[in-house]
Amino acid sequence: MNFGRLLLTAAVALAPAVAVADVTLVVPQLDEPRTLSPDPAADTGAYAATSNIYSHLVVMDWGVVAGTPAYGDLAESWDISEDGSVYTFHLHPDAKWHDGEPLTSEDVKFTFDRIREKKYPYSAFLSGVKTIETPDDDTVVITLDKPNMAFVPMMAQAAGWTGKIYPKHIWESEEGFDTGPAVNNPIGSGPFKFVRWDKGVAVELEANEDYFRGPPKIDRLIFRPMPDANVARAEFDAGQFPHLPYDYAPPLAEAPALEADPSITVTYTPSHYSRDIQLNTQREPLNNLKVREAIATGIDREMISILGFSGTWKPAMHANVDTQTQWINRDVSFPEYDKEKAEAMLDEAGYPRGDGGWRFALSVTGPSYSDCRAINEVLVQQLRDIGIDAKLEAFDQSTWYQRMQQRNFDISCYFTRYGPDPDAYREHFGTGGQRNFMGYSNPEFDELGARAVTLTNVDERKKLYAEMQAMLVRDMPYINLVNEQKMSLSRAGWAGFPLMESGYNKSVTWFGYYAVTPPAE
Amino acid sequence: MTPILELAALRMVYDTGTGLLARLAGRSAPAVVAVDDVNLRLAPGSTLALVGESGSGKTTTGRIATLQERPTGGAVFYGGREVTDLKGAALKTYRRDVQMIFQNPYEALDPRLTVGQSLAEPLELHLKQSAAERRALVLATLEAVELPPAAAFAASYPANLSGGQLQRIAIARALITRPKVVIADEPVSMLDVSIRSGVMNLMLDLQRQMGVSYLYITHDLAVARYMSDRIAVMYLGAVMEEGPTETLVAHAGHPYTRLLISAVPDRHASGRRDRIRLKSDPASQGKVPSGCRFHPRCPLSQPVCATTPPPVVELAPGHSAACHFAPAVARDGLAAVHA
Amino acid sequence: MRLLRYVFYRVLQIVPVALIVVVINFLLIHLAPGDVSILLAGEDANPEFMATIRERYGLDEPFLQQLWSYLVTILSGDFGQSYRTGEPVIGLIMERVPATLLLAGSSLAVAAILGTAIGTAIARRPGSFLDTAITTLSIALFSIPVFWLGLMLILFFAVRLQLLPSSGMITIGGPRDGLGHILDILWHMVLPVAALATVWLGQYVRLARVSVSEVLAESYVTTGRAIGYPERTIMTRFGLRNALLPLVTVLGLELGLLLTGAVLTETVFAWPGLGRLIYEAILARDTPIIMGAFVIMSFTVMIASLVTDILYAALDPRVRL
Amino acid sequence: MGRGLRLLRGVVSTVPGALSLAVVLLALVVALAAPWLDLADPVAMGREVYKAPSAAHWFGTDNFGRDVFSRVIWGTRVALVVAIGSAVLSIVVGAIIGAIAGYFGGLVDAALSRLFDVFLLIPTFFLVLLIVALFGASLPMTMFAIALTTWPRSARIMRSQVLSLKSRVYVQAALASGASHRQVIVRHVIPNGIAPILTDGALLMGLAVLTEAGLSFLGLGDQNSVSWGRMIFEGQRQLRLAPWMSIAPGVAMLVLVASLNLLGDALNYAMNPQLRTRGGAPRRRGTAPPPADEPGEGHGAILRVDNLSLAYRVGRRQIVAVDGVSFSLSRGGSLGIVGESGCGKSSLGSALLQTVPNNADFLSGTVSIDGQTVLAGGRPIARQGRLRIDALRWTHIATIFQSAMNALNPVATVERQLVDAYRHHRRGASRAEARERAGAVFDLIGVPRSRLNAYPHELSGGMRQRAMIALSLMLEPKLIIADEPTTALDMLIQDQILGEIEELRRRLGLSLILVSHDMGAVSETCERVAVMYAGRIVESAPTSVIFSRPSHPYTRALIDALPDLTGARRKLASLPAVTDQATCLDACRFAPRCPHATDLCRTVSPPVVTLMDGHDAECHYAADFAPQPREELVR
C-alpha cells in the first residue's frame, strides 16, 4: 500500500467537512528561473511561470501543427490593411491587471516601446514596426514600414518566451524590465497570479478568478525546477504530478509499456521543429564546405533515429520538417549516408587520416535536452568512425546558449524551427539572424527571404522558400537530422495540456496551463 | 695525562617547542635544562661510568660526547683539541674514533641487512679496503665478540638472533673501526640477567685487548662498579658526585649516592635492609628545584639546601661531591646530619 | 578552567587552517583558465557588471592586495552571487543546510549506533569466523559507491516493489504541517537514509571493532576482569567508554567523507539539501556556489573537528594538559 | 625480498586476503589484456538496444546497443589508470615531502604538518570537485586532483615513519659511525619506511576509484572515456528499462574497491599479525564441578597449585608456557617467583587468576585458593553456571599488575575505581562507605587522601603503582599476586615500593606472590623463592637457603651473574645465549646452556630432588651442587 495514498485516504476520511479541495497542478521544469521578468534576457527557467502570469498580444500553441498559425490573447481580433502593412488589434475589454487596474492599449504600447528601446530579445519581432498608436483604450494600431506576412505568426510564436505585456503603471518608473520590486514579484494579467517563489523549490501561482476569459479550472499552479529527468519520472510515477512534459519524456523504448497502462495517457505531438546540427562555418575546418558535406555524408540518420528515438523520430532529409507540407521542398535533400564516400571526401578536402587515425579534432555540444544528448552520443561515434576525433562537451542550457551566442563551438545539436510561418528561415539562416549561430551569411538568401515575407500570394512565396531550401542544402551551414515528435505523459482523466489536442488553441502558449482540466470526481 | 675525552662546562637546554600560539594561550612549557654545567674527563684506556635515573641527563651527555647533538654551552675536547663544532671530513674522522653502543639491541641492526652487511657499513664509510679485506675484518671481529661460527653469523638476519647476540654484534660494529672511545648507553639493561654478564665481560676483555676508553652510561650502580674506574653520579642534569669507583662506593659524599647505594638489593644475602622513606618522588626536568636540586627528596635536607646551590666539595684528590654536607656524609653516611 | 584554556587554544589553531582553505580557494580561482572576472561574473555579464566585480574583488590591484581583499570579503561572509539566480551564495547555501543536516544526521545516528553495537559485539571474539565475516562485509559495505546503492534501492523498493518514494523530501500537495507532514518527511527519508547509513555502517562497524578490541587488549581491562566485574560491565565501563574516544575523533575527522556521501545521496534521491544545490551548481557551472560550498563545508568540518576535540577533552581527562 | 614473501604469505593465508589479491590481480590482467580479449568494441553502437543479459551479451546491451560487458571490462582499465595514477602521484609526492618534514623536523616540519592538517580537515571530495569544475573534466585532471588531496595522507605516513626510524638504533648507529644524512636516508630510512605507504596505496587506489566514479556521477567525469561512474550515470536514466546498465558497472566497482580495501587490510594485518586477534572477551572454557574433597574456606594452604600447565596457540604451533608447575603457599606466607623473560612466570600469575588470553589453554592442573578449588584437571570450577574464581576475586585474591601506567582505567579517577571495586563486591555498601574505605586504604599506604581525586595520568609512576596497590587492598584480600610491580620504575622508587609492599604484607597478614626477574628484589621481600626456567620451577627453597645453597646451576648462574656493590670485585658468571630454546622432551631443558651438562642431562629429564624439607631442585646433580660454595661452581 502506497503510504502517500494512505495519507490521502486518511486526510479525506478525517476531513469530510471541507467542501471542495483545491486542485493543485504541479509541473516540473528543467531549470530554476533567474528572475521572473523574462523579457530582458534569455532565461529558460522563467518562461513557463511567466507565460501563465502575463498575457501577450497574440499567441500560439502546439495547435500550430493543426494549421493555426496564431490566435489572439489580449487581442480579441485584428485587421490587416490591404497592403499588409497596418495591423489594428482590438483588445479584450475586460482585461485587468492582477492588482485590479484595467489593462489598456497604453500598456501594450509602453511594453513594445520599451522592448524596442532596450533592444530586448523580442525587439527582433518588432523590428519592422514604424509606429504604434493607441486611438482608444482597446485599440492598438501598429504600422510596419513594409508589408510582412509573418508579423503576427512570428510575434505569436515568440510570445511563448518573451513579449509579455507589462503593466505600465508599475514599470514606468523603472529603468528597464530588470529592475525594481516587480521583477520577482510579477503583476500580470494572465490566468494565474503569482503567489511566491521559494528559490530552488518552486514557483507558486494561484488561479486568477478575474481572468478575462474566465477563471481557470486549476486553483494552484506550481512549477518545480527539477533538472533530473529520473526524478521527474519517479515523481510522476508516484503520482506527485499528473503531467510529465516532453522535456522529461522517458526513453522512447518504454513507450509500448506506457501505452499499455490504462492510467497513463501517452501523447505524441509532431512539431514544426527538427533536430539538426549547426556547424560553426567560421572555424577551421568547418569553414570548408567539403568538410561539411563529408560530415553530412558520414551521418547515419536511421541509426540516430533507432538508437536515440527507438525509430519514432523519422529521419529528416530535407531542409524542412514533414509537418510543413505546404512549404517543404522535397526535391533537394541532404546527402545519403555513405561512410566510404564521406571518408573519400575528407581525404579530398585535405584532411587525410593522420596520427592515431584522426583527421582533425572537434567538439560536439548541444542543449541539455535528452534528445540532443542522445543524438550527440551517436553523432560523436559516427564522426569518429570517419576519422574525426570528435569529443563531447556538455553544458547546462544557459551556458550552452551563451556559448552559442559567442559562437564558441564547433558542432552543436540544434532545433531549427520551420513554422508557424516559413519566414522563420530568416531567423535561423539570415545574416545576423537571432538563431544563426553558424555564422552563415548569404546575401542572395537574405534577399529572397526579405521578399518572400512581403508576398501575399502563397504560391509565389512557396517558390521563393523552395529556392532558399535549395541554398541551405547547397551551402550546408546546418545538417538536418530528424523530425521532432514530442512525447508527453499525463494521468488518465486530465486534459487540456498544451501538447494535447484538447489544449490546442486554448492553452494560451506552449507553456500555458489555462486549458487544463482535472479529472471529474 | 691528557684526557682522551673531556666535557667542559657542558650545558644543554631544550626549547620545548611550544609555538607562538601556545604561548598566547598560556600553554608554554619552560625550557628543559637537560644538562647543567657538567664537567667530565675520560682518561685513555679507562672507563668512566655515568650513573643516574631517568631524566638525569646521562644519555644527553653521551649524545653530546659523540657530537650527535651540539651543546647549548660548554665544549667537548678530544685528545686535547676542541671538537665541539666539528664539521665535514673532520667530523667523519671523529666519528670513526668515537663510537657508540646503544641500549636496545633489538633495533640495533637494520632488519633488511645481514649481520655482515651491517658490520661492513662503518668500514665502507671510513676505510678504503677491498671487499675481501673487509670481509676478513668482519669475520675477525665477529670472532672477537665470541660469535662463532663467524661466517654463519655474518650471513644471518637480525630477526633470527637473540638479544645477547645482537648486542654483541652491535659492539662489534662499534669496535670494527678501532675507535679510541666508545660511548655505551645502557648496553645491557634490556638483556636478561644471565646474558648481561657475558656482554659486560666481553666489553672488559675488548678494552683490555684494544685499549679503548668507555664512557659507560647506566642506571645501575652495581653495574657501574663492575665496569668502571671512575663513577660520576648525575641527578636532574647535574653531576652530584664524582670519584674513583671504589672510593665513591665506599665513601660516598652525597646523600643521593648513598640512597642509590642503599637501594641496590643485596643479591647475596637474604638479610633485610632498613629503607629510608623518601620525602617525594623525583621532580621533572622542567622545573629544577631551587638551591640543591635534590633537596626536596633528600633525607638530610636542611634549610640552607632549599636556598643555596651547594658547592662542589673535594673530598679527596679526584673525589668530589656537590653537597653542603659532603664531608659529613662521606664520613657518617645518611646518619650524618640528623636534626 | 583548563578545559576553557584548551578550547581557546584549539580555536586559535583553527584560524590558520581556515586561512589556508581560503587561500587555496583564491589560488584555484586565479590558476583556473579564463578571466577571473568572467569566472566570478558569469560569461554573459555586461562590461559594467564585470567592472563592478573587478572593483569589488580588487582584481586590478597587486596580487597580495587581491589576496587580502579576497580574505576580507570571504571572512565577512560574502561568497559572491550565484551566476544563475544572482542570489547571494551564502543565503542559497544556508537555505539548504537544514535538509542536509536532517539526512546526514539521521544516517549518522543510525550508522553510528548500529555500527558501534555490531562492532563492539564482534570485538568480543576477534579472529573468529563471525568477526572475519562481518569485518569483511563491513569493508565491502563502505566500498559501495553510495550513489549506486541509492540507485539500486530505488530500483528495488521504488520501481519494482513501488513501496517507497524514490525522491524528494515531501509529497507535493501533501500535508504541510502537523504530524502528517512529519510522517511524510520520515517516509521520504527511508531510502536515502538507508543508502547513506549502509555505507557508513561499514565504516563504524570497522572502527568500533578495531578500537574496542584495541581497548580490550589494554591491561586495565585485565585489571577489571581480575577485580571480577561481569563482562557486561567490562564492555561498557572499560571497553566502550575508552573506545568511544577514538570513535568520536574519527567522527569529526571523517565528516568531510560523510558530507561527500551526503552530496551524492542527495543527488540520487533529489533531496533538497546542500548536495542537491551543489549538483545543480555543477550542472550549471555555477562556480560561485561550488566555491562557496567548498569553503563553507571546510569550515563546517573544521568546526566539527573542533567540537569533537572539545568533546574528546571532556570525555578524556588525559587531553587537558 | 624475504620480507616481501612473508608479507605475501601473510596476505594469502586468510580467505579475504587471498580473494582480494586474486581479484586485484585479475583486474590488472583484464585491464592490460582488454585490447586482445575477444570483446565487442565498447563504443560501437548497434541496433540491439536494451537487450537483457544473454549468451551473446553477458551483461546485456545499453540504450545505444553497446555491449555492457565489454564496457565494464574496458572500464576496468580506466578505473585502474585513475587508481594507479593518482596513487603513484600521491605516494611519490607525499613520500618526498613527508620525508623532508620528518627528517628535518623543526620549523620545516611544523609548517608542513600544519599543511597536512589542513588537508585532513578539508572535505577533499569537494576540493576535487571544485578543481575539476574549474579546470575542466578529463582523466589526467581527475588524477591530478585526487592526488592533490591525497598526498598529505602519504606524506603523513612517511613523516611518522621517518620520525620513528630516525630514532631507531640502527639509524642512530649509522649516523654515529659517520654516515651522512643522505646515505642514511637512502640505505636505511626509505627501504624500511616504505612498506606502510605502499599498504596504504591499496586503500588510496580504492578511494581514487570511488572519487572518480563520484565525479562521473555528478557529470564531472571525462566525457569521452568509458568509466564505471559514467556508465552508472548513464544507466540511471534507463533504470526501468535496462537495470543491468547500472548494476554491472556498480558491482564491478564494488568488487574492485572492496578488494583493494580488503587487500590493504590484509597487508596491514600481515605486517602486524597480532592486530587481528588482539583483545576480545574471555572465551568460555569447559568447566568442572567443585570436587568433593576440598578443604573448604579457611582451611589448608592459602594457595595450592598442582601440576599446572598452560599453553598458547600461535598459528598452528603450541607453545607450552607453564609446564607442570606445583607449589603451595601457606597462609601469610610470601613466595617470589623468579625467572628471565619467557620463562613463564607471568603466564603462571595470570593462570592463577584465570585472566589468561584467549589463545591460552589449560592443559592440566588443579588450583585451590583459600581451600576452594578453582581449577581442576585444567578446567575452571563452576557452580550453577558461575565460575568459582569470580566469587573469590578481589575478596580473596587480588593482583598488582606489571605496568601501572596501563593497569588503571584512564578515564576514571582513582577514587572512582576504588569505590566501584568495593561496591561491586560489597553489595549494599553505600558510596560514602566505599569512599571512606578508599581513604582508609590510602592512609594505610601513606598516600595523602587528596590524591584520590586524581586521574591515573596525573600521578607519577610511583604514585600510580601505589594507587594500584590501594586498589588491590580495597576488599582485604587474603592473597595478592604482584607481577613485576616495580619494573618500569626508577631505582629509588622501586626500592621504596618494594619496601612498602613488604611492610603492608606483614602488617595485614597477607599472603603474597611476587613475580619478578630480579633475584635481589625477591630476596628482600619474600620468604620463599621459586626459580622458573622454561615453564618449570627448577628450584624452590626458603630465601636464605636459595642464596646460600643454590642447588640448580641455573639458580647459581642467576645469582652470580649480577654485580655487587659490596665485597671484592669478582668476575661475573655468564651463560651462553641460545637462540632457540626448544629442546626435546626427554632432557633437562637447561642442558644446552648449562656449564655442567653431561650426557645424562641431554637425554633424561631430571627428577625433582628434595634436598631438605622445603628445598627442591630439578637437577640430576642437585645433591652434588648443594653443599658446594657458590663461587667455586662457576669458572
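We call the chains A, B, C and D, going by the order they appear; numbering starts again at 1 in every chain.
Going forward, contacts are C-beta pairs under 8 Å (C-beta built on N, C-alpha and C of every residue); 3 or more make two chains touch, one makes a residue touch a chain.
Everything numeric in this text was worked out from a predicted model, so none of it was measured.
A.B. asks: Under the touch criterion given at the top, what is the topological distance in steps from subunit A to subunit D?
C.D. replies: Contact-graph shortest path, subunit A to subunit D, evaluates to 1.
A.B. asks: C-D or B-D: which has the larger count of contacting C-beta pairs?
C.D. replies: C-D
A.B. asks: For which chain is the distance between its Cα centroid and the global protein Cα centroid smallest?
C.D. replies: Chain nearest the overall C-alpha centroid, as shown: C.
A.B. asks: I'd like the Å distance between the centres of subunit B and subunit D, where a centre is the mean of that chain's Cα atoms.
C.D. replies: Chain centroid spacing, subunit B to subunit D, equals 32 Å.
A.B. asks: In whole angstrom, what separates the CA-based centres of subunit B and subunit C?
C.D. replies: Computed from C-alpha means, the inter-chain centre distance equals 53 Å.
A.B. asks: Measuring centre to centre with CA averages, how many angstrom lie between subunit A and subunit C?
C.D. replies: Centre separation, subunit A to subunit C: 41 Å.
A.B. asks: Two-or-more-chain contact residues of subunit A, please, as numbers and ranges.
C.D. replies: 230
A.B. asks: For subunit B, what residues touch not just one other chain but two or more?
C.D. replies: Where subunit B is concerned, no single residue meets two or more other chains.
A.B. asks: Using the touch rule from the top of the page, what residues of subunit D touch 2 or more other chains?
C.D. replies: 219, 236, 239-240
A.B. asks: Would you pull the subunit D residues touching subunit A in the complex into a rising list?
C.D. replies: For this pair, the touching residues of subunit D are 43-45, 47, 49-50, 63-65, 219, 223-224, 236-241.
A.B. asks: Considering only the defined contacts, which subunit A positions touch subunit C in the complex?
C.D. replies: 2-4, 7-8, 10-11, 24, 26, 31-35, 41, 45, 199-201, 222, 224, 226-228, 230-231, 234-235, 237-238, 240-241, 368, 395-396, 398-399, 402-403, 405-406
A.B. asks: Taking the touch rule as given, give the residues of subunit C at its contact with subunit D in the complex, in rising order.
C.D. replies: 16-17, 20-21, 24-25, 28-29, 31-33, 39, 123-127, 132, 135-136, 139-140, 142-145, 147-148, 151-152, 154-155, 159, 212-229, 231, 233-235, 237-238, 241-242, 245, 253, 255-257, 259-260, 263-264, 267-268, 278-279, 282-283, 285, 287, 290-291, 293-294, 297-298, 301-302, 305, 315-318
A.B. asks: With touch defined as at the start, can you tell me which subunit A residues reach subunit D in the complex?
C.D. replies: 229-230, 250-251, 253-254, 303, 306-307, 310, 370, 374, 377-378, 380-381, 384, 391-394
A.B. asks: Name, in rising order, each residue of subunit D that touches subunit C in their complex.
C.D. replies: Contacts found on subunit D: 14-16, 114-115, 117-118, 120-127, 129-131, 133-136, 206, 210, 213-214, 217-220, 229, 232, 235-236, 239-240, 243, 246-247, 250, 253-254, 257-258, 260-262, 265, 276-283, 350, 353, 355, 390-391, 393-394, 398-399, 401-403, 406-413, 420-421, 424-425, 455, 457-458, 468, 471.
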